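What follows is a pair of complexes built around subunit A, which joins subunit B in one and subunit C in the other.
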Partner chain A sequence: MKFLKFFIFALLLLLLDHAKVEAADFVVVVNKDNPVESLDRSVVKHIFLGKKTFWDDGQHIDVFLQPDSDLHTSFALEILHKSPNQLLMHWKHILFSGTGIPPRHYPDNNSMKEAIAVNPQAIGYIDAQQLDSTIKKIPLH
Partner chain B sequence: MKLLNTISKKIWFCVNVALIGFILATGFALYSNQQLKIHLSHIRDIDFNLAIHSNDLLNLFALQNNYYKESFLFGSPESAERGNSLCEGVIKKIKAITEIQHSTYSLPVDRAEALTTLKKRYQEYSQQATELYPLLAQGKDPGDHIEALQLLAASQNEILSNMEFFSKHYHQNFSKNVNTLIDTTSRNSSYLAVFFITLLIAMSLIVNWAAKRTLITPLNHIKEAVRAFGRGQRSFPALDVMDPSDDIGELGEAIITMTKDLIKTTVSKDYVDSILHNMNDSLIVTSMNFHIRNVNLATLNLLGYDSDELIGRHINTIFRGPLNRVQDCDTFDNADKLDFHSSGKNEKSFYSKDGQIIPVLLSTALLKNGDIENQGFVYVAKDITERKKTEEKLEQMALYDFLTGLANRVSFNDRLEQALRKARRQNSQTGLMFIDLDRFKEINDTLGHDSGDALLKKVAEWLQKSVRECDAVARLGGDEFAIILENINDHQDATNTADRILTAFTTPVRYDGKEFFTSPSIGIAVYPGDATKTEDLLKYADQAMYQAKQNGGNTYSFFSQQKDE
Partner chain C sequence: MKQSPFVFYTFLLIFFALQTTSPCHAYDVSKQLSINGFLSQGYIKSSGNNFLGNSMDGSFQLNEVGLTINSTVNDNLRLGFQILSRDVGAEGNNDFQLDWAVADYRWQDWIGMRLGKVKLPIGLYNQSLVTDFLRPMVFLPQSIYDENKRTQIVGAMGGSIYGNISFGSNGDIDYQAYYGKVDFSEDSGHARGIQSLVNSFTRKKGLGTISDFDAENKYVYGGSLIYSPPLEGLRLGVSYFTGQTDFDFTIGTQTGSARGTSKDFVVLSMEYSRLDWKFAMEYSEITGDREVMGFDIPDGRSQGAYAQLCYHFFEPFVFSAIYDIFYADKRDRDGSNFVAQGQPDFLGWRKDIGVGVRWNITSQWNIKAEQHWVDGASLQLPLFNPQGVKKDWNYLVLKTSFNF
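Right after this comes the complex of A and B.
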């Protein structure tokens, strides 16, 4: 296990280095009907790591993720402080122990936008340049 | 207590009580140890095994889980295989626990059911897990099996918590039972201690009571009775109430019978004392070394002592008296002088407190204890003062003339022999004077015997007055008198005496209003001048007296050889 930890750490360093070179801009988005106007970074982290599963009005949070990409990587590193692999492991762990339902994956920005537009409980992230009126951007602070 | 009628039964009773107590105590300890053994065996066979197996089960399942997790997280089919291979072991463990549970008679139904459910649930779980996890490990997308995975995780958690519950439960059960056992042991120890002490006290009380009731109290009655008997008491109410069918009761009866027999056959000490005390003869009891132990009243009256003054003193106090006549052969200096084997009966003399000599007839006997041991001497003394006086009187009558009190012929002969022996020894002269009264027969015939007797008495008086103290006057019979003149120098001494006699006869004798005279004829012979033999001297004095009579009486005449011739 020690070896494993070391391995993950090394990978993380490598990825961090990579991210600095190619930083992609992302925005966190929700359905337009969602009353939420803004969120703390820590709240977002909790939501995407499966530790917060309900909105303040009691609705279940449906978390959407994009597959491994620069955008996903930068989101994972910046907001969740985890590499995509770590995130994967994290959710696998949750899945194995049955403590939560892992997020759904959408292959690109468009498909995610469509999914969020029809699901008022959903939350996800897209490339900032792809933002349009079908969905609502949540500013982070 | 009728049953305990012999001493051996009584002692056996006490011993049996102690034995029963001992057996009870041993049985109790044995029972307690047996209970502990059963308890310990149960813990060893059931609780300990259950705790170990349930813990093993938990560990096995956790290990399997870890393998599956590893295979799922890192996509390792080998780990999934390893996890699969543990299924059989887990099921075996559950079976083993179930079997142990079944072997206990105190099986709780709900736990047996829980075990069955667990087994069933695990079997379901393992069926799915052995299929799903290897698939996922081989790279299948978990996203397609989210529901199955969720179910699996749920049952996994349930099973785990169930197993944790069992493990915890059995572990708690084990330690609980061990603690109970420790508590029981210490409780049993204190119970046993209390029980033993109670038993000991109870037994000692019973034994003490029984011994006191059946042995000590009756024996004390007997002891008191014997003491009382020694003091002179003759009835013992405590002995009368004793059970005669009892050993000790028999002893009591025997003592009562003995005292009754003794009263019948023996006289009391008081009775003997009063007899001895009141007897007329003196009774003195001494020890072997002649110290006085006891005297009776007659002794005290006779001697004038108090009993305190005599008891403890040597017998010679009485035999010697205050004069301390050591030379007296009758004193008892040692026991050899006594004939122990026959009671001696002798005339002895006691000396009273004021120094008087009391003649006694003394009989001595050895005081024996049984036939063996000499205890001392018993003296019985009879006062013979009166008898002695009588004897002296008889002696007087034998040796002296009863009328005049002068020596008679018998004692005169003795005196004469003595005087002549003395004269022979001292080379001195002794005169012998024969005196005959002239015309005494006439006086006797005319004036009567009474007058004659009076005359003879008077003559005796005159003769005594006329001689010296050492000279002996005797009446030889009738009107014959004789005088021994000891140690005279010559004839003149005899002549002087004769003259004094003749002068004395000039006085008339008065009797019964009558006055009469008499005169003596005196014949004198002198030793050794006239004769050396007693018979000769007597014969010559007689001859000389006849000479005087022939000369007309009222005169004296010396013996002369020439006249005889």
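Right after this comes the complex of A and C.
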């Protein structure tokens, strides 16, 4: 009976919860030579959570993050539906259980753009205002 | 039985060999090799019963140190290992062990293979048993992740296949299946539980006390499926495990043997996670089939379940509450079989109510404090309380953890 009461209490609290989604001004970007033209949001989510690790042509996907930025918070909340800390814990669970390696980190938009421009397998996100011809924007649907 | 140093040194040699034969540009070295680790220290104080060691006096025997090294050989192959030193009451004593060590080859998203020492996917959280900084409370729920059974369920030398199967808008499934052998530690709660059972049996038969106790696991196998449906934050899981371990010992001038089989360990799991909330619930059953010197020990099918709620009220604190129940035999929930053997009925159950708080000082460093109130003395509690066990008891745990 105690177990049932605890369960009902927990469900009531969950119903009171409201997810916070903040406005985001990011674009998902890949290398210019990547044949991908657009991606489903759920596919992007799977890529950044380590569930999808290969492009459709069989090439490995190199995932890049810039975690020390407001952009990262927007990206994590809107696309991954996780807080930055939840995303960090997700990847640490994978790391310390021996089932994978977390994405590479970059400190800012410029370093992210430079890394993606020279890596045909890479995917990342940058501030929409920083988009230029060295990389390719991927529309999400 | 200690971890074979051969395996560890072999992996270490492969690592250094790969690093020295690869082109060592600075970018390549950092891309190919990553080093991480963690460090934690806790304090446990209990009243009424000792838990996992001499906790009634207050104990600092609660720590872990881990070093994790990964090397990406190419787009499909990763090599990695984690060295672990831990002390949890009577178990561990800070000996260094290989926690996991794998050659991980992933062909495609839906299929990959790991060879070496692999962590076992039991329930949703067994693979992160030693990394308490990743979870809201210090111990995982004992009804399912019993610290005394840790040696048998944490990892196995062998291999696994794994992958992710996507169903598009209908969600995806992560699966793992494994087979291997466990390096069984004689100071583990599980081994000492069997040793205690054998001693009790041989004394009753007038054979005296045993010596030269040795444990050897024969096999473990199992697998898990975790379904992430389209409902954001929900995970549903089912896992299966079976393992058999043989024990040899000496009584006087004779030798004897025992066998412990953990059969059909099934865990059903549910986790619902939002930005500020997490609710988890798991249910398990396991049959402990034991045999001493050819005599079958009457074991039932035990049952465990818990519900846990965590809430991130405000930065940087996470509050948690748990209700955790275990019955040694689901057909003897009131413990009448124990009474028939002249033992207290409350050896048949363990009901734990716990509350705790985690303070995230930084993303790498946290402190936890939690209090548990327990009714019942199942899950090997007599091992740590040879003077007798009490029905109602409680324990306080404080722990700080750092990882990089």
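Just so we're on the same page, the second predicted complex is superposed on the first by the 117 of 141 C-alpha atoms of A that agree within 3 Å, B and C clash if a C-alpha of one lies under 4 Å from a C-alpha of the other, contacts with A are read in each partner's own complex, and residues count from 1 in each chain.
In the analysis below, a residue touches a chain if its C-beta (ideal position, glycine included) is under 8 Å from a C-beta of that chain, and two chains touch if they have at least 3 such contacts.
Quantities reported herein were computed from a predicted structural model and do not represent experimental measurements.
Enquirer: In the superposed arrangement, does A:A128 touch subunit B (first), subunit C (second), both or neither?
Expert: In the superposition, A:A128 contacts neither subunit B nor subunit C.
Enquirer: Looking at the overlay, does A:L77 come into contact with subunit B only (first), subunit C only (second), both, or neither?
Expert: Second partner only, subunit C.
Enquirer: Identify the partner contact of A:N85: answer first if only subunit B is touched, second if only subunit C is, both if each is, neither if none is.
Expert: After superposing on A, A:N85 lies in contact with subunit C but is clear of subunit B.
Enquirer: Examine A:H105 and indicate which partner it touches, taking first as subunit B and second as subunit C; both and neither are also allowed.
Expert: A:H105 contacts subunit B only, not subunit C.
Enquirer: Which partner does A:F54 reach: the first (subunit B), the second (subunit C), both, or neither?
Expert: The second partner, subunit C, only.
Enquirer: Figure out whether A:L95 sits in contact with subunit B (first) or subunit C (second), or with both, or with neither.
Expert: In the superposition, A:L95 contacts both subunit B and subunit C.
Enquirer: Using the superposition described at the top, determine whether subunit B or subunit C touches more residues of subunit A.
Expert: Touching more residues of subunit A than the other partner does is C.
Enquirer: Could you give the residue numbers on subunit A that contact subunit B in one complex and subunit C in the other?
Expert: Common interface on subunit A, subunit B vs subunit C: 89, 92-93, 95-99, 101.
Enquirer: What part of subunit A is in contact with subunit B in the complex they form?
Expert: Subunit A reaches subunit B through residues 89, 92-93, 95-99, 101-102, 105.
Enquirer: Please give the residue numbers of subunit A that touch subunit C in the complex, ascending.
Expert: Subunit A reaches subunit C through residues 2-3, 6-7, 9-11, 13-14, 17, 19-20, 42, 46, 51-54, 58-60, 77, 81-83, 85-86, 88-89, 92-93, 95-101, 104, 121.
Enquirer: Would you pull the subunit C residues touching subunit A in the complex into a rising list?
Expert: Residues of subunit C touching subunit A: 31, 34, 36, 38, 66, 68, 70, 72, 75-76, 78, 80-82, 99-102, 104, 106, 108-109, 114, 118-119, 127-128, 130-131, 134, 162, 164, 166, 168-169, 172, 174, 232-233, 272-277, 279, 281, 305, 307, 309, 311, 321, 323, 325, 351, 353, 360, 363, 403.
Enquirer: Can you list the subunit B residues touching subunit A in their complex?
Expert: Going by the criterion above, the answer is residues 68-69, 72-73, 142-143, 146, 149-150, 152-154, 156-157.
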